[in-house]
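Both complexes shown next keep chain A, but they swap its partner, so chain B is in the first and chain C is in the second.
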Partner chain A sequence: MMLQQVDPTLDPNFEPEVLWFALSPILVLVGGALFLLVVGALTPKWPKGLSAFCSATTAGTAGVLAIVNWDDISDRGPQTLVAGALAFDKFAMWATIVITVSVLLVSLLTDEFIRDTPNDGPEVYALYLVAAAGGIVMASANDLIVLFLGLETLSLALYVLAASNRRSDPSAESGLKYFVLGGFASAFFLYGIALVYGGTGSTNIGEMVTAIGNTPAGDNDALVLAGIALLVVGLGFKVAAAPFHIWAPDVYQGAPSPVTAFMASAGKAAAFGAVTRVLVSGLPSFRDDWQPIIVVLAVLSLVVGAVLSVVQTNVKRMLAYSSVSHAGFLLVGVEAAAHTAGDATPGFGISSVQLYSLLYAVLVIGSFGVVTVVAGTRDASLASFNGLAKRKPLLAVAFTIFLLAQAGVPFTSGFVAKFGVIRAGINEESYALAIIAMVTAVITAFVYLRIMLSMWLRDADDEAPAVSVPFSAGVAIAIAATFTLAAGLYPAPLIELTESIRLVR
Partner chain B sequence: MIAAIEPSWYLIIASLLFAIGAFGLLVRRNPLQMFMCIELMLNAANLTFVAFATSLGDINGQTAVFFVMVVAAAEVVVGLGILVSILRRRPGATADDLAELKG
Partner chain C sequence: MIAAEATSVGAGAFPLLSAMIFVPMIGATAVLLTTKSRPEFAKLIALLSSGMTGALTIYMLKEFDRGDAGFQMVSKHDWIEQWGIGWHLGVDGISLFLVVLTGILFPLAIVGVTPHHDEKPYLAWLLMLEAGVMGSFLSLDLFLFFIFFEIVLVPMYFLIGGWGYENREYAATKFYLYTFLGSAFMFVALIATAFIASDSLGGVTFDLVEIAEGGNIATTTARWLFFGFAIAFAVKVPIFPLHTWLPDAHTQAPTAGSVVLAGVMLKLGTYGFLRFGLYLFPEAAVWSRSLWLTLAVIGIIYGAIAATMQKDLKRLVAYSSVAHLGFIVLGTFAFTSQAITGSVIQMVNHGVSTGALFLFVGWIYERRKTRQIAELNGLQKVAPIFAAGFMVVMLSSIGVPGLNGFIGEYLILLGSFQTARWWTVVATAGVILAALYLLWAYQRVFHGEPDEDNQSFPELKLKEGLILLPFLVAIVFTGVYPKPLLDRIEPSVDRLVAHVAANSDVETDPSYTTQRGEFDNGHGEEHEDDEESHSEEEGEE
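This part shows the complex of A and B:
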């Protein structure tokens, strides 16, 4: 029956139909990046803040287009784009919204941070936009090679961004470390794709699933299983899950603070998009094989992130280890999704992961935003936060909100996020994992309390540099703090939206 | 009589290349040599793609290789750029010298 159908791709004049509007968020971001680079190079020095404004506007436009597309999907249903290369579903659009919101907030943070330094100019913003486009491709890829291209687009831009402060040795060092370990992880990921291709005969996720369904069990299992192992190593590096987290503290500490905020928000959202696409969407029939690996990664990330964050003295490193523990929480959600991968009725797994990535993105940008403002380009030691409540009360209140949210205190968005993934885990009867997650949440709370103590109860050193809050960074922090509280007090609409998220292949 | 070269031979070679690259990256201390090890790993994956594409009679594995080659080229550009900016400030730095960030 299949043989009688003529494959349209064999026709030499065949051109895949392209729904341009569905691709518009990615096109707008790439267009904005090219515009910034070309026009920025050809025109004399721009007025202050114009590059940041362009970048924020571009990201905002892409975000609005993604919301319009979300409505389209609600009305007409999901589909695949560009001959099956990209998935056009609510999962992809949600990831697009998370990433564009991150770019918008981070652009506001970066503006005054790099002003009057040699790094000022459109380049950093162009890199944000390119990285965002790559991240969106990662989260919406329906073909492993396309996913790899998106991953590299995101990663290459992040390597450059990490090393972008040319006057700072730590920044250059973090760039090189990130590059070497990231390249290592990419090679593992690519080799994994090659083995899965050998086992299934395709890199397209839809065709892969069909091929695995058609071959008798055990035929090419060895190849696919080896491929899954390598894919998980590569993805583990990208999401900074223990034991593949070693790069994260060094890179988070050395990179300029707004860039760290971008890595922790957009980078994490894109990486978890890729995890979901590859494992939950692409390899559902092997879920019994990769689910135990996810359990191990989740437990290790939760424990390592919590324990090692306690012994740090640098706030950026503390937040880096806490981001490892957040990766563990997100993996609890992925583990829940594993139980129902490929089933007609998905559980709460995927929707809880997507809700977590939005809420975490905003609150982590807020946290690193405060670090940006307080520490500037200096070392973000815990002592530099001493007495912040007396020097800048509003900033201290905002940071307290973010830290409480990171700890998962009720009435903040962090509670909603953690509650979501743990509920998803309980629903699938992963009780042990849920209990470990809750216990480690208590340990990490100690870290956040330590930062709060030094802000509220310690006195500032006499020679402590004055803290001034630039307008645009203040706006970004205020938006993030308001959202963190609002989403914590009234999360129902967001939960409802994420529960309609489905994957298409 | 000479036996025909089976696709599995290429797969074995590719896995060896990948292992050499991974091992080299872990033991080498010169950043340039580390870059070369990453390239070796990527090319091992390329060889695997081509071998599978031949044995499956499917062209998609070969097109994937072209994408990977472009990515590898871009990666070299970025990596060398970062390395040059480090070596300008600290000539002759090895991976062991770059240990300012730890804890």
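This part shows the complex of A and C:
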């Protein structure tokens, strides 16, 4: 079966290793998860922090393997793996890097957050790793069924993670809510796959594109268009784009903060990977049909996310709505990619989306990291951040950096990310969308200012609980803050890497 | 043509302009690293770095070649190559004195005012603000300009919010959001400019000079883009009706914040119009001039009337800024060499005189803990030197001949009268209104018998006098002998006016474009002639 995939330009003797090695990031993550679960169950209680260490190491290893694979792709060109089921291209590897970096940072955050609680143990970390493997499959899938497998792997792990604080009602509620609504969305997505299969005769993205190209226009359009509509509903739910965002604030608020960080970073990166695979890679000849849908989703996400974030009083909900608005920004990049979907020379759309998802992943983990440290398992009300600058100046500085970056202030990674997608949009002459995006960014800036205001200018309540920064969480936040600033000051290397991203089918 | 000139200077030499941005930035970092137990270190470092920046600007002034109309001391490096973004700095006659003003105003503001708490972050924010303002005035790359233009909001937000007065949170947020909203449009417009210009430039670049000289942007497109930029600048200036953030921000800001805000930050808007509006989109600027002239004149009259009504001295000065900046906008959109030269001079003058007025208001507040005009009276009796200093600064703000304000306003009105006659006629009324509100305020605050509360109003301290001295020197020197300034400003302004004339259908009559006659050929005496003739006219009025 694999022999079909041999690229004649490659040395045939070398080929099997390349293929196994190409899959290595996923294999390492799954292996790490199994190791944690099996060995964790069979051995006595592990020393503190060992599970988190295992999880971080596994993710780091997978990330390094992805970087090595990236170089291989640079040298030998992209290809498809496992009978065309997975794409082995720079897009997939970039998504792998984003997701593994997220797992690494989130593991550091989780460590002392669940330590000495009944929730401690290897399970949470194993779920992170499984979810990451699912996310990577989503972003590298070259077959809709495979993509669905990845999506379900990621989603099921996330449902459990959301409910993983077993002593907390909001956490259970958030897990259940996510599960029910997510199950709905998955059903939509699956039905969409079925309809597209009916229209094209294949679920393989490469074969789909060939089939559509060979069919006279209009023959099976109705089936495929209906399929696209359902696929977009499913994907819109996963990326938390308005009007499919309703679950996000509740789930983000109820889930344990590190899990929220994971959903907002790795979850979003994987979901946008899937959006790109399905729409840009898989359905380029229908780009005129789905591009307007993306415009509507983008505008709604930007406006709804911005406006509703203003009226929140809970920081986690604020950040949840702001992540809806960030999804809108990412959709601006997808919209730009729509204009050149399937063309030989892609515009800046895909590379800007990938750049955004890396930069956003790091800074959103940093943001929720600070929330984790400050609020703990308590309600993350705005008042609990009062006077943080006096109580924990460095933490306040870090949070300020993250918030400024979310607002898109220059010299932070957030500015570079926004610049990238807006630039991609303007290059395709989507001026109106660009202006709407920037104006809504002003509205969300108000939210970030409110948080900064309470940190810097308000005094803490007398009975405010003391904030202590655990070592590993501190490391994660420091890494995220440093990266946010460094990428803002000198983004050229990252931009160069993302501009070489191409899709293969 | 300018691109060739631009690279002629500065290659390999000491990166003077970059240093002017990095010194305060490093200073800010150093201030943050000082220990809490030794607050005097923070102040010392802040003074040293801002003072050093000031010294660098003076050195730049000395090195500046007054005959060269192009950009000088250019520093050009790649920064984000993939996006066509470079670190491109340069100074010409239009930005020269604004940079010097920035360099001198900051150390004075740092010495002049002691914040009431948490000095360390306060100083760090001020230094960061200085780096941002410097960067905005020196940038010759659209992207670079934008990030400096944006980044100044953050320190200013924290300065107002952290060290301001009773209503500071509202004022700081309003200031930030207003300006940020304006920038949103500029952000889109500047990326679009780079892409649209790339068709004729053969590649995407954000370099101001390249786009302006070779951009070839279609007329209608350029008008849209111009408005994208103009909204950001109009908010920053602020032009009526986008001015409402200004009185709040000025009044609530700590004294040093107000000084810097009025002194240099408002000029980012008017400077932006000259450097980016007119230079990039000359045709669009000419096409929309009636709008800007009308809004400018409304601003002049409205600002003056609103100032007259104020009960709070600081708010009064804030509204007077709206009026003064109206004059600058009027001059900018008159498109004559004289008027634009006047605008550039007036930007500096306004920075000096309004900066000093805010210092005085700050000192009054420190002494009396109030800024209400009704609660102040008879201060001249108890503090005559203080009153005299205030008087000089105030007269400069009114535009009395012999002081700096007159030179700027006179040049603006003279230059505008030729191309925007009726607007100028109305604007002239603003000059009289300025006399009305400032003299009336002076009368209420300083004249009469002091009541009990004002009996013990302390006299001007030596330190305050020393801080005031540079302001007074600048006021009198510019008023009496403006030639050194004009000589340096005019070549660049002439070039800009010629650029506008060459790229638009504005009257190409040479008398509109090169009005240097009086100031170019003649020397000192002729200025005084001009002043005398005008002062006679004012006497008649």
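Going forward, the second predicted complex is superposed on the first by the 487 of 505 C-alpha atoms of A that agree within 3 Å, B and C clash if a C-alpha of one lies under 4 Å from a C-alpha of the other, contacts with A are read in each partner's own complex, and residues count from 1 in each chain.
By definition in this document, a residue touches a chain if its C-beta (ideal position, glycine included) is under 8 Å from a C-beta of that chain, and two chains touch if they have at least 3 such contacts.
Quick caveat: nothing in here was measured; it's all calculated off a predicted structure.
Enquirer: Is A:Val180 contacted by the first partner chain B, the second partner chain C, both or neither?
Expert: first
Enquirer: So which one touches more of the residues on chain A, chain B or chain C?
Expert: If we count touched residues of chain A for both partners, the winner is B.
Enquirer: Just chain B (first), just chain C (second), both, or neither: which does A:Asp71 touch?
Expert: neither
Enquirer: Mind working out whether A:Leu457 is in touch with chain B, chain C, both or neither, as first, second, both or neither?
Expert: Second partner only, chain C.
Enquirer: Taking the superposition as given, does A:Tyr431 touch the first partner, chain B, the second, chain C, both, or neither?
Expert: A:Tyr431: touches chain C, not chain B.
Enquirer: For A:Ala445, select first, second, both or neither according to whether it touches chain B, chain C, the two together, or no partner.
Expert: A:Ala445 contacts chain C only, not chain B.
Enquirer: Could you look at A:Ile145 and tell me whether it touches chain B, chain C, both or neither (first, second, both, neither)?
Expert: First partner only, chain B.
Enquirer: Once the shared chain is lined up, is A:Tyr197 touching chain B (first), chain C (second), both, or neither of them?
Expert: first
Enquirer: May I ask you to decide whether A:Glu496 touches chain B, chain C, both, or neither, giving the answer as first, second, both or neither?
Expert: The answer is second: A:Glu496 touches chain C but not chain B.
Enquirer: Have a look at where A:Thr313 lands relative to chain B and chain C in the superposition and call it first, second, both or neither.
Expert: After superposition on chain A, A:Thr313 lies in contact with chain B alone.
Enquirer: Can you give me the overlap between the chain B contact set and the chain C contact set on chain A?
Expert: Chain A residues touching both partners: none found.
Enquirer: Considering the complex alone, what residue numbers of chain C touch chain A?
Expert: 79-83, 146-148, 150-151, 153-154, 157-158, 161-162, 168-169, 172-173, 176-177, 180-181, 184-185, 187-188, 191-192, 195
Enquirer: Looking at the complex, which residues from chain A come into contact with chain B?
Expert: Contacts found on chain A: 145, 148-149, 152, 156, 159-160, 163, 166, 169-170, 172-177, 179-180, 183-184, 186-188, 190-191, 193-195, 197-198, 201-203, 249-250, 253-254, 312-314, 317.
Enquirer: Sort out for me which residues of chain A touch chain C in the complex.
Expert: 404, 409-411, 415, 419, 422-423, 426-427, 431, 434-435, 438-439, 441-442, 445-446, 449-450, 453, 456-457, 491-492, 495-496, 499
Enquirer: What residues on chain B touch chain A, complex-wise?
Expert: 11, 18, 21-22, 25, 31, 34-35, 38, 41-42, 44-46, 48-49, 51-52, 55-56, 58, 60-61, 64, 67-68, 71, 74-75, 78-79, 81-83, 85-86, 89-90, 95, 98, 100-103
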